[in-house]
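Labels A, B, C, D and E are assigned to the chains in the order they are written; within every chain, residues are numbered from 1.
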Amino acid sequence: MAAASAIKAIHQTMLRAAQPARFVELSGMLIPWVAALGAAMFVAGLVDGLALSPPDYQQGETVRIMYMHVPAAWMGLFVYALVAGLGGLGLVGGHPLAFAAARAAAPLGAMFTAVCLITGSLWGKPMWGAWWVWDARLTSMLLLLFLYFGHIALSRAFDDPRRGDKAAAVLGLVGCVNLPIVKFSVDWWNTLHQPASVMKLGGPAIDPSMLWPLLLMAAAFKLIFFALWLVRTRTEVVGARLRAAASRSRMEGER
Amino acid sequence: MNAFVAVLRRDLLLALRDGAGTWTVLGFFAIAVAVFPLGVGPEPQVLARIAPGVLWAMALLAALLSLETLFEADYRDGSLEPLLSGALAPELLVLAKALAHWLATGLPLAIAAPVLGIFLNLPTEAMPVLLASLLLGTPVLSLLGAVGAALALGARRATVLLAVMVLPLSAPVLIFGAGAVESAQTGLAATPSLLILGSVALVALAVCPVAAAAALRQAVE
Amino acid sequence: MNAFVAVLRRDLLLALRDGAGTWTVLGFFAIAVAVFPLGVGPEPQVLARIAPGVLWAMALLAALLSLETLFEADYRDGSLEPLLSGALAPELLVLAKALAHWLATGLPLAIAAPVLGIFLNLPTEAMPVLLASLLLGTPVLSLLGAVGAALALGARRATVLLAVMVLPLSAPVLIFGAGAVESAQTGLAATPSLLILGSVALVALAVCPVAAAAALRQAVE
Amino acid sequence: MPIMSGNPFASPLPPQPFPLMLRDVTAVCGETRVFSGLDMAIDAGGLWLVRGANGAGKTTLLRLLAGLLRPASGASLWGDGRAPRAVPERATLVGHQEALKPALTAAENLAFWARFAGVEENPWPTRSDPFSVWALADVPLRTLSAGQKRRVSLTRLAFARAPLWLLDEPTTALDAAGQRTVWELIAAHRRRGGAVVVTTHAKGTVEGASELHLGDER
Amino acid sequence: MPIMSGNPFASPLPPQPFPLMLRDVTAVCGETRVFSGLDMAIDAGGLWLVRGANGAGKTTLLRLLAGLLRPASGASLWGDGRAPRAVPERATLVGHQEALKPALTAAENLAFWARFAGVEENPWPTRSDPFSVWALADVPLRTLSAGQKRRVSLTRLAFARAPLWLLDEPTTALDAAGQRTVWELIAAHRRRGGAVVVTTHAKGTVEGASELHLGDER
């Protein structure tokens, strides 16, 4: 009973916060704090990862690429799931803020995915002797980037923004098939890419001296994403209002 | 049923008479395949090695290119609105148009592929499998493409959008299709790959018309 | 001169804003190149062996696809007639449009090619030659394509016609372009091929605008 | 030349759920509010002339009545309580665009639409040819003049069985004879119990017509 | 609202080699003979109203005068003996098609045509806006209504310096105010020494206009 009413209260609070005016106000208060915390953790993670943590016994200094590569990969996957979820929410509930949030998140997710691909390539050259190989994980990650591009292009391709949002939401949901393929490709197929060592059943198989900077960077990436996401969503909301005002004044100017 | 046949007939007529139809697709396919030996060089072993992949990849691109106009032409000249407000269910409309698209492009592509295979030194044993894999795979492209074309309808940059949407989804078709031919070429059994292609086709047949119809209704809104 | 710049600016604006422009071409190029490893298989040696050919052939196809709309869009919406009856000589009109086409498609293709080369395991040494060969070769495609597009104007099946006309003419460009990259890949000198490409470009620059202008005058008749 | 041979307008339409009522309707295109607070009742046998400056929303109103556009607010319902979106087959819209394929001949285009509408056997040109396009039947549509294309497009009305006709500036590009025919067809359709909504920039009025003015005349 | 601000019609046109004469002209489209034996003389300050049934050849005549089509027989020559084909810049044709890009805004479209015509500096909308399209300047053309597109297209006339205007059913899709503006622009162009050929299906005539009937009225 208590749980149910708590959920209801949370839901109502969220709905209130999702009112455009309220959202602009709330997010304005939140953004500086989140951004500052993210930046601080990013610096700490960088120092720890690049200077304090030891080189790998096999990979040497190149292992430090990991502190960018792995958090970026996680964020690429996480943001896609978020975008798809927001799109689904928008399709079912029809709340414009969900679409605005999805539109704001997609380019950020594409950026993280691109960072993962680029750092992976830089890492691959010394490790595998090639910038790129067509193994299952790499290929599916590349497809994820294409899916992001499709989502971004589709959501901006129509004169009526609602149509773009809905079409992009459908694409986002369909593209979710790709997420488990990225995640489990290393287990399902025999690939060059290394299997999961942090997020797996039975706890991480990685030395704590490397685990700490990694987790720091992962948290920093999350916070930085969250701050940017709020800024971009705010911009979308305010932009929609400006466009509505402009079209109203145009109608009046015409009369 | 009458309306279904009417749409099918008209689309076939248009594909045979007008641009972006059968001839464009076949022309593109032939030229794209012919360009390869020019770029890669004439060594028979290399050509034979890449032949299944090249044939399948180019067939995919050729089908993709012709998909843009699947609904776009009707949308632009005002035909789509009466088509959707007639007595024919939108799902059947999609099916009729996808079937016409397949008959006008997928089928000719499948038939032309073995001929082009000769130019790439594809061994004769692999020809039947090439034909079979394309016959099973091209309907999937038409059906998936119908969903993509409906989603991208009226969008700017519809071609890229379509490609970006359809390609990741059709990647498995490509992999299994080319895989089947390669197996046949190297003397392995191609049946497993062909069976997978067949079941993908059945799933697409069940799911895609519904999805495309929903997208179409959105589009004329 | 004013009118020349006006046409150039408008075409660039359209290419960046609308379909069949820069983004379509780049999207097609990237996807077409990405399709290959899926079809041919992931072996790095095979991919590296065919990389120059694949990159050049796909760049050629991408440029070809965008050529169809070079004059067609203006023809259909009635813009071509005022463009041809203005003060700008038709030869300069063709030059402005071909230049815009190259800036909007050829140049981005050339710049994107080395990046895609990475995915095909093209060795780093060959990248500068790939870029140089495409920078010299793509203007020829734009110029030849202008002639083809003018000839195919208003015809049904313009895409096939265009391909059939332009392709044989651009075969030498493809052969020398891919050849230069292959030489660089195998450690041979690429300069002779590049010089030939450069002289072909100069000849095309002199001949094509005149031919295309003549074809255009015919077309609006 | 008889304007109609084997007149399809002789038989009355099946009873139809008129009136189609709009109450306090607002229409939005993209993000633009086109008009708002619109009330309208379309009865059997009725004719509405819709006027208004360019961009006032005439075409938008027709799309709304055809069920192609959902009202942003307000209600639009047929007499039996169904929304136009649910029963699009009750309206035939002839818009600015012709819905004809340039590569096909006039006969092929019309035969397709007739077959699609469920008219049995090849219905055209054996049934009626109000706009005298029979002479053009076998040339590709792309070679026709602007008015000839319009005539072919309007010929679709001769086998439309929908009770509501929505005509967007139907006399555009037509010569005097063609314009007369349009008004004759409208009158015939009203006599058999159909209703017609016509947008127009022409002055003058028609007997028994209601008028609607959108926006302010500039 | 002033119909023209900074009036481009105030200054007379440079002296022009009128008349444009057609003598015994036959026009052929594809393989169809459209009209034959046509005589016509277009003088400075003149206005021709061209009428005729759909398909009579009105559009074909305008294309011929613009130098886009060669007469199959007969002569068409300007006063200085040059053929329209050789000096296409002497005529401005506004046809059924709008010559505007849907992806560009009205302002971008018009700025292009102005620059192309050699009008120095950004000539629109600073010079004149006879059709009041200023309010639409910043939306993509594709979202405009039929009449709004036509207005943008006709605005090109405000900076056309050609002595001969060829207008193909220019009042199509325009509301009453827009139609008035067209006739005002035509009058202004005639006053500064230009000539105008207009095709129309409307009845009524204009002061000082010559009339040409192509084919038989059906």
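Heads up, the rule we're going with is that contacts are C-beta pairs under 8 Å (C-beta built on N, C-alpha and C of every residue); 3 or more make two chains touch, one makes a residue touch a chain.
Just so it is clear, the model here is predicted, and its values are computed rather than measured.
Peer 1: Keeping to the contact definition above, tell me which chains border both subunit B and subunit E.
Peer 2: Common contact partners of subunit B and subunit E, which must touch each of the two, are A, C, D.
Peer 1: According to the touch definition, list the chains common to the neighbour sets of subunit C and subunit D.
Peer 2: In this structure, the chains that contact subunit D and also subunit C are A, B, E.
Peer 1: Quick one: which pair of chains has the most contacts?
Peer 2: Looking at every pair of chains, the most contacts join B-C.
Peer 1: By mean C-alpha coordinates, which chain is most distant from subunit C?
Peer 2: Of all the other chains, the one whose centre lies farthest from subunit C is D.
Peer 1: Where the centre means the average of the CA atoms, what chain is farthest from subunit B?
Peer 2: E
Peer 1: How many degrees of rotation carry the C-alpha atoms of subunit D onto those of subunit E, rounded to the nearest 5?
Peer 2: Angle of the fitting rotation, subunit D to subunit E: 180 degrees.
Peer 1: Could you grab the centroid distance between subunit C and subunit E? Build each centroid from C-alpha atoms only and quote it in angstrom.
Peer 2: Here the centre of subunit E sits 37 Å away from the centre of subunit C.
Peer 1: Once you find the CA centre of subunit B and the CA centre of subunit C, what distance in Å lies between them?
Peer 2: Those two chain centres are 25 Å apart.
Peer 1: List the centre-to-centre spacing of subunit A and subunit E in whole Å, with centres computed as mean CA coordinates.
Peer 2: Whole-Å distance between the two chain centres: 56.
Peer 1: If I count partner chains per residue in subunit A, which residues reach a count of at least 2?
Peer 2: Residues 146, 149, 153, 159-160, 250, 254 of subunit A each touch two or more of the other chains.
Peer 1: Can you list the residues of subunit B that touch 2 or more other chains?
Peer 2: Within subunit B, the residues that touch at least two other chains are 17-18, 156-158, 160, 164, 167, 171, 221.
Peer 1: Going by the contact rule already set, what residues in subunit D reach two or more other chains?
Peer 2: 29-30, 32, 55, 96, 103
Peer 1: What chain-chain pairs meet the touch criterion?
Peer 2: A-B, A-C, A-D, A-E, B-C, B-D, C-E, D-E
Peer 1: Tell me, which parts of subunit A touch subunit D in their complex?
Peer 2: The touching residues are 159-161, 240, 243-244, 247-248, 250-251, 254-255.
Peer 1: Where on subunit A does subunit E make contact in their complex?
Peer 2: Touch list, subunit A to subunit E: 159, 250, 253-254.
Peer 1: In the complex, go through subunit E and note every residue touching subunit C.
Peer 2: For subunit E paired with subunit C, touching residues are 66-70, 88-89, 91-93, 95-101, 103-104, 108, 112-113, 115-118.
Peer 1: For subunit C, which residues count as touching subunit E in their complex?
Peer 2: Interface residues on subunit C, with respect to subunit E: 2-3, 5-7, 9-10, 13-14, 17-18, 73, 76-79, 81-88, 220-221.
Peer 1: Quick one: in the complex, what on subunit E touches subunit A?
Peer 2: Answer in residue numbers: 132, 135-136, 139-140, 142-143.
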